[in-house]
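Two complexes are shown next, each including subunit A; its partner changes from subunit B in the first to subunit C in the second.
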Partner chain A sequence: MMVEALIAGAPVARAPAVAAAGWLLGASANPLIVAGMMDCGAAEAALDLARAARASFDHENAAAALADLDVMRQAGWLVVTPLEARALADCVLLVGSDVADFPSTPPPLAPERGRKVMRLAGDNLMARLGLLRALIGGRAITADPALAALAAALRAAHFAVVHWSAEEIPPLAIEMLCGMIETLNDTTRCFGLPQSGANNVAGVTQACAWKTGLPPRVTFARGRAEHDPWRLDAARMVVGGEADVVLWIGADLPPWAGRVRLISLVPATATLAPMPEVVIFTGRPGIDHHAILHDPGLGALTFQRAATPSAEIPPAAATLAAITGALAGEMASC
Partner chain B sequence: MLTLITGGRVVDPAHGRDGTGEVWIEDERVIAPPGRAPDRRFDVPGCIVLAGGIDIHSHIAGANVNTARLLLPELHDGAMFAGAPPGELIGHLFAAMGYTMVVEPAISPHVALQAQRELAAIPFIDKAILGVIGNDDLCFRLIRAGETTALADYAARMLAGSGALGIKTINPGGAAAFRENARSFSLDDEVPRAGLSSRALIRALQGVVAALGIPHPLHLHCNNLGLPGNVETALATIAAAEGERLHLAHLQFYSYGREGPRKFSSAAPRLAAAVNAAPNITVDVGQVMFGQTVTISSDVLRQFGARGQASPRKWAILEAEGNGGGIVPYHYRRKNFFNAVQWATGLELFLLIHDPWRVFFTTDHPNGAPFTAYPDLLALLMDRDLRARWISEIPAEALAMTTLPELTREYDWPEIATMTRAAPARLLGLPDRGHLGVGARADIAIYRPQADKAAMFRNAALVFKDGELIMREGVAMKRHFGRAFAVRPGFDKAIESRLAAYYEEVFGVSHTAFDVAPEAIARNGKDPIESVPCLS
Partner chain C sequence: MSALQFSLRETPPQRLDLSALIPERLADLEMAEILRLSVTTTRQPLCVGDVFTVHPGRADEVVIEGGSARFDEVGAGMTRGTLTVEGEVGARAGRGMQGGRLLVRGDAGVFAASGMRGGEIEIGGSVGAFLAAPGPGERLGMAGGLVVVRGNAGPRAGDRLRRGVIVIEGDTGDEPASRMLAGTLIVCGRAGARAGYLMRRGTLVAAQAAPLPTFVPIGSADQVFRTLLARAVAAVSPAAAELLGKNLTRFGGDVATLGKGEMFIRIGQIAATG
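The block that comes next holds the complex of A and B.
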């Protein structure tokens, strides 16, 4: 029989581990729930638990997602889905070296236009992005011919796409690109294509928004949802000693395991060092159980059917709901 | 469980009923008096007993609504929500008002899964989506080739994949024109690269709805939304329907003339007369109310053009397969000439369109106002003295551009019950809703009349959903989850291979990737979507 859970490294059944997790969260002064890898159903359940436990909630990859979001919510942006870019873009600018190559085949919905794919990467990227924006804005500057050609191609395109990754370029660069896109739309069409982050951070952000109205880095400490990208950064809270109990849901343990009392919902494949206080073995989304995940290629949430669903290993959502139930029991008995 | 509601004024226009009486409920249904003692009894003397409210057009879920949430964190902290509340609050606030079903009217097939998942998480109410087509290249290709049967198959396949209750088309051709750098687009403009007019698209999609027997008529968001003089487009669109059924969404937003010194006026009387004369046309109003909101629309062309009016000054424009969308926050101000004309225009439409079976109660939430403004709006329709007080507070120059001060009509309870209950159920093809006859689903709202009519509507005295008491004076009594509704017209499976080939060529993915699997949205193993029969 497979091991369902561990308390202090010793195998136990799932139920006492769930009860222990509920007790730890209930007794915590500042509980924190952190998503490593998590499907959307687990995110919904984690947010229900966070509300019940007056905990904070973050995603390990939230920083880059919030960098993109910050540009949108401070100034606005024009963006495109990956499928529409594939179907229509006649000019693609890849910014930095992180984003993958884009197929140079002609856009299927306007094949006669062909497709020009360009990449701007390497040294002094920020400075060159600034120059590019200035060129697009019609400023009288001298720039190298390659950059001038790039600006000309964007201006001449019918439907240009600028693709970046917030994991690589800083928020100011994203803002510059969005400003440039805005200018190009005075005369033609151009849209941004931000690359979505790892570990379903885009899906978790969506679930967090429909559950709370806010993206990750949200807290229920005062009984209602509040959002603060700096204050509620999980790594900062752990390293700074602000969080006293952390519930982690991921494929492996977080880099800061060992610095805080830790409850972990991880698959049996996870390396358990240092050993968390409570471990509850959990299915892998889309592998051990069906899951809703953000598909970066489609730019949408999709349903990923597990080829061989496991009846023995529950999904994180079920375990999180059980912990919420255990916590309610804790609170009722106080 | 046998329940008796007694002593109240039962208003059930579907059965011509209006008088003091009883309503009996057994489990989830209204039943005839059973000749047995009830297990529980609610004495509600002086109260008004109605079927649960049905909202046919509120943007409450999906990727665009969620972007609106993410765009405005400063208006979401704490109890604020700027027109895009989280799902939990949507369910609570609607149910408190006595609403038991809401239709999210604009979901592109590629993002249907997210919308259905969001809706599944909304407590208390039933829900449905309308699936959007009419700006997609495949639709253009099929219409251009005269393949009407394949077009109907494609639409039916989309409805099946999305789990949608009907078909919506949004500025048909306008989003496609936006992609090709258009800045405006009207009824007879040609969609670039498609060789079709918006008029042709509307007619083709009306034909699809008729061919598939979908109970809800084509749900149309017209061209030129929000622009001065756009009444001409709306009038031409009504004429273009050529007597076939057509629903015009949020009519207020295309009821503008160009009269007066500021070239902006209400043209509601002309448009209301045209609606009155066209029995094939239904409309919802999309009333503007004053305050902060956020506009959420898949009319990407219009939202792109509205960026300059954003308040706060930020926006999100998404260019996507089909329609995309735009999120532009906006603050309607009582003292603003244009906003005041818009407010008056909506009320004129409500008061000048005679038949409450054909005019529906909406604010196009949150585009004209958040749905939380419904109680104030209902009060304005029922009370001309209250209206006069509001009118006295808007600029005289705006008032001069409308006929509102001359209108003395007050909605009575049967008209309110028709407009918000009986008519929506009929329009959507839901025979067991919107009324209190035997066999009706026991969705019931009971209001306690009081001097402040808005307060009466904000928190119904009692609300029953599926026979369960879920709300009492705005306080949740029992957590309950409703279901979603969808039509499932049959289609020739040959469309699957055509779609597979098209998607592979254009998008490089499988067309089935977007389908809403029942397991993805089921709660407690129950079938999450109830089928609504098509017309034979």
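The block that comes next holds the complex of A and C.
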């Protein structure tokens, strides 16, 4: 029989582990729920639990999602989905070394145009992005011929796409690119294509928005949803001793696992070192159970059927709902 | 009558929201009401009386004795009077301030003077990232007032500055004056890398800097402008006034964007491209 959960490293059934998790969260002064890898159903359940526990909520990859979001909400941007980019782009600029190569085959909806794929990476990237935008804006400025060629190609394109990863380049560089895209749209079409972050952070961000009206790094501590990317940064809170109990949902443990009382919802494959106070084994989204996940190839939320369905391992959403129920009993008895 | 004093009794058990401890909020309150003001940021209730010993005094002159990096929102939304902190403060000191004077004798955390529209802030120590920058989801940074930092500033000081004057007597982290829209930022020490990135308008003066390739030399600094600016800041920062009296060279940028910003750098202190 498979082990369902652990308390202080000792195997237990799921029910007492759920009760222990509820007790720990109920007794906490400042509880924190952190998503590593989680599907949208688990995100909804985690936010329900955060609201009930008056806890804070963060995603391990929120920094990159917030970098893109900051540009969108502070400066504005023009973006397309990956599908549109593949179907129509006749010129693709890959920025940085993290974004994967783009197929150089002609765009299916405009094959006569062909497709040019270019990459801009290396040292002084931010300064060179500024020079590229200045060239595209028609400024008389000295720049190396390679940058001038990039600028000419983008200007000559019918449908250019600029692709970046916020995990590699900072928000100011993204804002520079988005300003360049705006300038290019005076004379042709050009769009951004942000690469979505790891561990379904884009899906969790959307779930957080439809549950709270805010992106991740939210807290319900004062009885209402508040958003604060700096104060509610989970790693900062743990290192600063501001969170006393953390509920973690992920494929493996976070790097700061040994610094706080930890409840972990992880698959049986996770490495449990250091051993959390409570471990409840959960299914892997899209593998052990069906899941709604953000598909980076489509740029949309998609239903992902379980690859190897397992009725024995419940999804994280079910366990989180059970903890919310256990917590209700704890809060009522206070 | 002496100032209304709040003396910290011990290290706060959580981050505190001290936005209630400003002259206009305290003016009409009885002592019992002041002691009951909430300062909590977690689900654990915490009131002024739980963390501070309060000494009665004039509410238009507030003093907080014993600072902490967990003191958030000190002076936030302040419109009048003076608020002095005899120590360090945490995030968002003077956020959205419209008037009055905030003096922090120690260091300040991130987003100090964020969204400030008027009044004066003096930070005796150093300040964290995003000095005077817009908060999350906001489009404008500081839009008026005066900020003086005696020590250093973290990255992105003066981000999206819209109006007002900031003086940093030490050095700055990377990208000071990023996305600047107007106003004046004076750095008496070394400006960090990529100063003025995405700057549209406004003025950055630095003792040392490495201008980006999208800043172009546009001659020497105008003597009349420098004299007026030096006179305006001399009373609050002799170091800034002294810098403005030196030989400065002028760059225009960031030509990646509108390019109507000015950057003045002391001649002989222009480093290789940042």
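Note that the second predicted complex is superposed on the first by the 334 of 334 C-alpha atoms of A that agree within 3 Å, B and C clash if a C-alpha of one lies under 4 Å from a C-alpha of the other, contacts with A are read in each partner's own complex, and residues count from 1 in each chain.
In this section, a contact is a pair of C-beta atoms (placed from the backbone, for glycine too) under 8 Å apart; a residue touches a chain by one contact, two chains touch by 3 or more.
Just so it is clear, the structure is predicted and the values come from calculations on it, not from any experiment.
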When the two structures are laid over each other on subunit A, do subunit B and subunit C clash or fit?
fit
In the superposed arrangement the C-alpha centres of subunit B and subunit C open, at the centre of subunit A, an angle in degrees to the nearest 10 of 100
Kindly classify A:Ala273 by the partners it touches after superposition: subunit B alone (first), subunit C alone (second), both, or neither?
neither
Which of subunit B and subunit C A:Leu88 touches, first, second, both or neither
first
Partner contacting more residues of subunit A (subunit B vs subunit C)
B
Thinking of the overlay built on chain A, is A:His227 touched by subunit B (first), by subunit C (second), by both, or by neither?
both
Considering only touches as defined above, state whether A:Arg305 meets subunit B (first), subunit C (second), both or neither.
first
Is A:Arg139 touching the first partner subunit B, the second partner subunit C, both, or neither of them?
second
With the two complexes superposed on chain A, say which partner A:Gln74 touches: subunit B (first), subunit C (second), both, or neither.
both
Which of the two partners, first being subunit B and second being subunit C, lies in contact with A:Met2: first, second, both, or neither?
neither
Distance of closest approach, subunit C and subunit B, by C-alpha atoms in Å:
5
Residue overlap on subunit A between the subunit B contact set and the subunit C contact set?
73-74, 227
Please name which positions on subunit A make contact with subunit C in the complex.
29-31, 53-55, 66, 70, 73-74, 124, 126-127, 129-131, 133-134, 137, 139, 141-143, 172, 175-176, 179, 221-222, 227-231, 242
In the complex, subunit B residues that touch subunit A
61, 63, 66, 69-73, 76-79, 81, 84-88, 110-111, 113-114, 117-118, 121, 137, 178-181, 193, 304, 307, 310, 313-321, 324, 505-509, 513-517, 519-520
Per the touch rule, the subunit C residues reaching subunit A in their complex are 13-15, 40-44, 72, 91, 110-111, 134, 136-139, 160, 175, 178-179, 194, 197-198, 212-214, 216, 254-257, 259, 273-274
Considering the complex alone, what residue numbers of subunit A touch subunit B?
40, 44, 69, 72-81, 83-84, 86-88, 108-110, 158-159, 185, 188-189, 191, 205-206, 209-215, 224-227, 290, 292, 295, 297-303, 305
